[in-house]
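Take a look at the following structure, please.
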Amino acid sequence: MNSFGQIYRLTTFGESHGIAIGGIIDGVPAGVCLDLEALQQELNRRRPGQSAMTTQRREADIVELLSGIMDGVTTGTPIGFIIRNSDQHSNDYEEMRHKYRPSHADYTYDVKYGVRDHRGGGRSSARETTTRIVAGGIAKQLLAKYGIKIWAYTSAIGETDTPSDYHNYSAEATEQSTVRCPDPIISARMEQAITEAKSEGDTLGGTVTCIINGCPAGLGEPVYGKLQAALAAAMMSINAAKSFEYGMGSEGCRRKGSEVADQMRADDGKTIFMTNNSGGIQGGISNGEDIYFKVGFKPVATLMKKLLTITDSGDNTTIEARGRHDACVVPRAVPVVEAMAAMVILDYLLLNRTARL
Amino acid sequence: MNSFGQIYRLTTFGESHGIAIGGIIDGVPAGVCLDLEALQQELNRRRPGQSAMTTQRREADIVELLSGIMDGVTTGTPIGFIIRNSDQHSNDYEEMRHKYRPSHADYTYDVKYGVRDHRGGGRSSARETTTRIVAGGIAKQLLAKYGIKIWAYTSAIGETDTPSDYHNYSAEATEQSTVRCPDPIISARMEQAITEAKSEGDTLGGTVTCIINGCPAGLGEPVYGKLQAALAAAMMSINAAKSFEYGMGSEGCRRKGSEVADQMRADDGKTIFMTNNSGGIQGGISNGEDIYFKVGFKPVATLMKKLLTITDSGDNTTIEARGRHDACVVPRAVPVVEAMAAMVILDYLLLNRTARL
Amino acid sequence: MNSFGQIYRLTTFGESHGIAIGGIIDGVPAGVCLDLEALQQELNRRRPGQSAMTTQRREADIVELLSGIMDGVTTGTPIGFIIRNSDQHSNDYEEMRHKYRPSHADYTYDVKYGVRDHRGGGRSSARETTTRIVAGGIAKQLLAKYGIKIWAYTSAIGETDTPSDYHNYSAEATEQSTVRCPDPIISARMEQAITEAKSEGDTLGGTVTCIINGCPAGLGEPVYGKLQAALAAAMMSINAAKSFEYGMGSEGCRRKGSEVADQMRADDGKTIFMTNNSGGIQGGISNGEDIYFKVGFKPVATLMKKLLTITDSGDNTTIEARGRHDACVVPRAVPVVEAMAAMVILDYLLLNRTARL
Amino acid sequence: MNSFGQIYRLTTFGESHGIAIGGIIDGVPAGVCLDLEALQQELNRRRPGQSAMTTQRREADIVELLSGIMDGVTTGTPIGFIIRNSDQHSNDYEEMRHKYRPSHADYTYDVKYGVRDHRGGGRSSARETTTRIVAGGIAKQLLAKYGIKIWAYTSAIGETDTPSDYHNYSAEATEQSTVRCPDPIISARMEQAITEAKSEGDTLGGTVTCIINGCPAGLGEPVYGKLQAALAAAMMSINAAKSFEYGMGSEGCRRKGSEVADQMRADDGKTIFMTNNSGGIQGGISNGEDIYFKVGFKPVATLMKKLLTITDSGDNTTIEARGRHDACVVPRAVPVVEAMAAMVILDYLLLNRTARL
């Protein structure tokens, strides 16, 4: 389905090359003054054409808010919005009308629906994520009023990893890097790797690490609604995501219980966790420490190389991408990861108000 | 919340040391003959005390089905069931009344609800997963009628990994291993690792790999309801799960697009995927290939060693587990992973019936 | 589906003649001390065999609470419960195995599911409403802590109506009447009407009026979740309900706008509504006045008279009820109406906590 | 919340005097050819300014479909749409900024949200129902492919009632009446009554009767999702609705069981219901007969007369409507009732596909 969240709930529509994409945000608490310019800035962060690293398509990505706000303040009614698709070169996609792009959604949409909008991937296009940025951007502003800050960065591109953990990095340093890697040396290497892949007509994947700072203890709904389950679903719903891990993650699963238990101390009435291998979540509920997690994105299969594929009539053929495409989508996935995290945390914050009488 | 699924929907209740745990399965299609003995067998697979490897608590875990079935056939009305808690040594848990077990849910439940059932972890106990086995076991039987088979195995314990991929293993071989590892040599090493950890009062984590075979193409609901998002949420809702990856997973995120694109061929009217790095899901929708994924479980923090912690009055103290506890929960997580996967696939199979008029 | 409510959410199972019926109440706020004896009293109010007016089946209807409560206090985890079916004369229902009772659910269940539990109506039996009493009874206790009181009474049986409106009646007077009519003269006439119908092997319907007193302003979720829409759905989900009207109801629809507008006055900082034709709800949101509504129940078609019907093989036949059946279900519907109202109000009270940041 | 339906699901946004209102229809089955002109015709039926009877506001009400359709065929992805608010005389509403209109949503919105869009009622305006017409209009087209036809008519205005039941009327005759009453004599009387009320600055209410013809047996989800419960919620969510009754309705509740039981006959393998007091629904599930129900609408409180009210500062004042307002909204409610019914039936039709394996 095309809705996300329970209380703070986003529903979206739109194909890559239709008139517009957009969405409705329901459950927005009333009485909040929104910074609409900051919201547009979030969209700009995701926008293609920001640097030599990303696709040169010029999508203006201007959000038009149609309801739910009066004199800049939320009214409690749903916020409807659209983002026009300004740059529709539908003809560029004529080849895709009958050919299935390998490792894309073309074949599966056809099997499921018997019909598909082939232009630019239609509904399966990553362009859909702009609507997430809008709802996540508003969520971020609401969370900021509670002192909750969410930021993410590129922690790996291909085989190039950041050597330190997030404590050594910052959101500010991240935004100064073309590839959104806060480590300047690694950032340069990543850029080079992308440039090389691009010159070969190839693509690279990578990982995004996200940190939620200032989240109060108590958020999360056992049993099936554990906070990590909601975050995992949110992240795995992003195009090209292949893996999710939180806290010590898969590496921690190789170690002994005694090495990773987060022992506790009381200090002057304050609860101290001596480590945070739990990643800020225990038993599915936040414990007040930083929540952090990592999402792996595959190298997308839109290559400037010939790939074997078939047509929708079942004939063998080849396909080769043309035009403007990212050689690495990971830097642009960073704000999407933040947006999804923000929606989850706000949703659970609101839900948690019903936990006690 | 305590419900899982949209059409085929499980809702559960119950604490580790209450009278009973149980659940209600709604949306069970009518007219299906169930094998109730096979269902009980699924529960036996999860039951503690199966081997020296697992906790010696003797939980009978007998499921009592209270409704929704007549003469062995589902009637379309909800199936209510209970599993009595036969082995309630509540006194064993007196120490836990005021002490928080590190890396458990004790602290977070108290912060969230202001009250908690401390006996054996209460609602956060892994005992809750027995209800998943019931609903998953019924789902498995329904899926079998469509030729869909789901099986999982232990692919790593601590630092001991299976060297091959799932094509070299089988469900049958898995069940012959005490630790549910289908590779006999690795299985023996894993047993040894667990025995060693146990002798040190320590615990080990690991990974479970799950395969869904025979799943038709077309299951999955873009955008937020991608099949991998539903599977990720299902898996990350299991106690102690820390990571989820599907298809080529996080390893594949390090490679180039040209290396991992699943090229296609048509052969005699049949669609052939030359590789399956996608893990049977493209654009959030199954493509007819095997769906496979891996779940990482942390080493649980119930140690026979002193750990630093605090009381619910904010005093420093230490805690040390006593009694019967698994040194490694991974083998018993195998049927839980299968059960959750079965529920997801059945739910999406039913949902998919509404995709076309 | 077999769930009701969004935050405070009841899910139920059970057939009339199975082992037990029961349910799970999710979303119960933590930290509330429940009066379990008062809860059982609510069940006793619905129980058959209370007087000569109602069926002489002796159903003990003892609720067994299995989870979610510790030392009498809610813990925030779901409350699972069962009510055993103690009086299973399944053989009484052998005739119903193949005959469809007119105006019952027998035919439609068979068409929908291809199979049905014919004993006593199976899932479609009014016995199912006992589970609503449990969840509604707990909701009532929670609402009482906010000063919200819900009560209902029989306002008509057949052609016998109460002449006054609810302001002249009370919950106390209601409970002193065998037919739950707070007007003693009308109550006697109703009893007589029922006795007469019974002697003819016939049945009577009637109406139940319900009042929610002390409900704070602000509950209700525009647009589709208007408070009256939720109440209507709740009431129309009760067996035999045929109509719902709130406030001035259908009668008010015949009048002029100037006659029914609820004009307002301010008095010493307090908002005064000069009338309450709106029935305490305006624009789908409570305004702080009494909420009141009326539910019509049909005369059930379980007659001690021969009725024409068919068998499940499509043969013509007749059917005649035997055994113990209510000649009028309206008095026993009174606590069910209260229970459903209580669940709706509590659910919306909790939801409303998310309306503002 | 601002969503309606489970599978076929409408989510809407928009205030009366914002830039646009609109919605997203999720769960639209793929592969259906839509008649977009017929869809616009449905909107025109609701539009104000159709006759002397209705408000002279000229709202163009042109629907713009933004997604989910390709070459006129549904693609299975959500249909996003907007309807611009072309006639925004916001200044007309300046008086309403601080005064509460009696029996409207002004006061309750302020209490709930602490803020409201006062212009034309904002979100609580009946203008919101245009979005229902769009989703209902598409649903109608889908249902038509199954031979299901839905139509409604004005069955009462004020104290003027139609004397016959729906069997004597038709959708065609309905559309020839300015007040949508298919009985020409009564139609003329209704027009006169409205004209009189209007000349007095007053308003009238009435009832709408709706018929669903050709609905297959088997739709409806016991227990809480009974078909009549869904219809009741749908209808009571429409502005100004005060009552709902189906089949023999509240009148039938006054009669004896033997008078209203729908006896059955088998005729040549066909099931015959000798009467249809059940209104096509038994046990919450459709039985294949006509489904019919009646909705009562109050006379709206937008009067050209002085009414006592208060300001949002708690001061006493008076208010009197100005400008263009319907003296009777019932004729324009007819297509809204049809739209809501169509959405419910389509939703349940799709849901019912999961009832059996």
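Here the chain labels run A, B, C and D in written order, and each chain numbers its own residues starting at 1.
By our rule, contacts are C-beta pairs under 8 Å (C-beta built on N, C-alpha and C of every residue); 3 or more make two chains touch, one makes a residue touch a chain.
All values reported here derive from a predicted model rather than from experimental measurement.
Enquirer: Which chain pair is joined by more contacting C-beta pairs, A-B or B-C?
Expert: A-B
Enquirer: Among the chains, which is located farthest from subunit D on the basis of C-alpha centroids?
Expert: So the chain farthest away from subunit D turns out to be B.
Enquirer: Measure off the straight-line distance from the CA centroid of subunit A to the CA centroid of subunit C, and report it in whole Å.
Expert: Whole-Å distance between the two chain centres: 46.
Enquirer: Can you compute the centre-to-centre distance for subunit A and subunit B, using the mean CA position of each chain? Integer Å is fine.
Expert: Computed value for the inter-centroid distance: 26 Å.
Enquirer: Nearest whole angstrom, what separates the Cα centre of subunit B from the Cα centre of subunit C?
Expert: About 39 Å, centre to centre.
Enquirer: Two or more other chains in contact with one residue: find those residues in subunit C.
Expert: 1-3, 12, 27, 30-31, 76-77, 109, 112-114, 123, 222, 355-356
Enquirer: What residues on subunit D touch subunit C, complex-wise?
Expert: Within the complex, subunit D contacts subunit C at residues 1-4, 12, 100, 102-109, 111-114, 123-124, 128, 156, 158-159, 197, 200-207, 217-218, 220-226, 228-237, 239, 241-250, 252-266, 269, 271, 274, 277-278, 281-288, 296-303, 305, 307-310, 314-316, 352, 355-356.
Enquirer: For a test of understanding, state which residues of subunit C touch subunit A in their complex under the given definition.
Expert: Its residues touching subunit A are 7, 27, 29-32, 76-77, 142, 145, 222, 350-351, 353-357.
Enquirer: Could you please specify the touching residues of subunit D with respect to subunit A in the complex?
Expert: Per the touch definition, subunit D meets subunit A at residues 1-3, 9, 11-15, 18-24, 26-27, 30-31, 64, 66-68, 70, 73-80, 82, 109, 112-117, 122-123.
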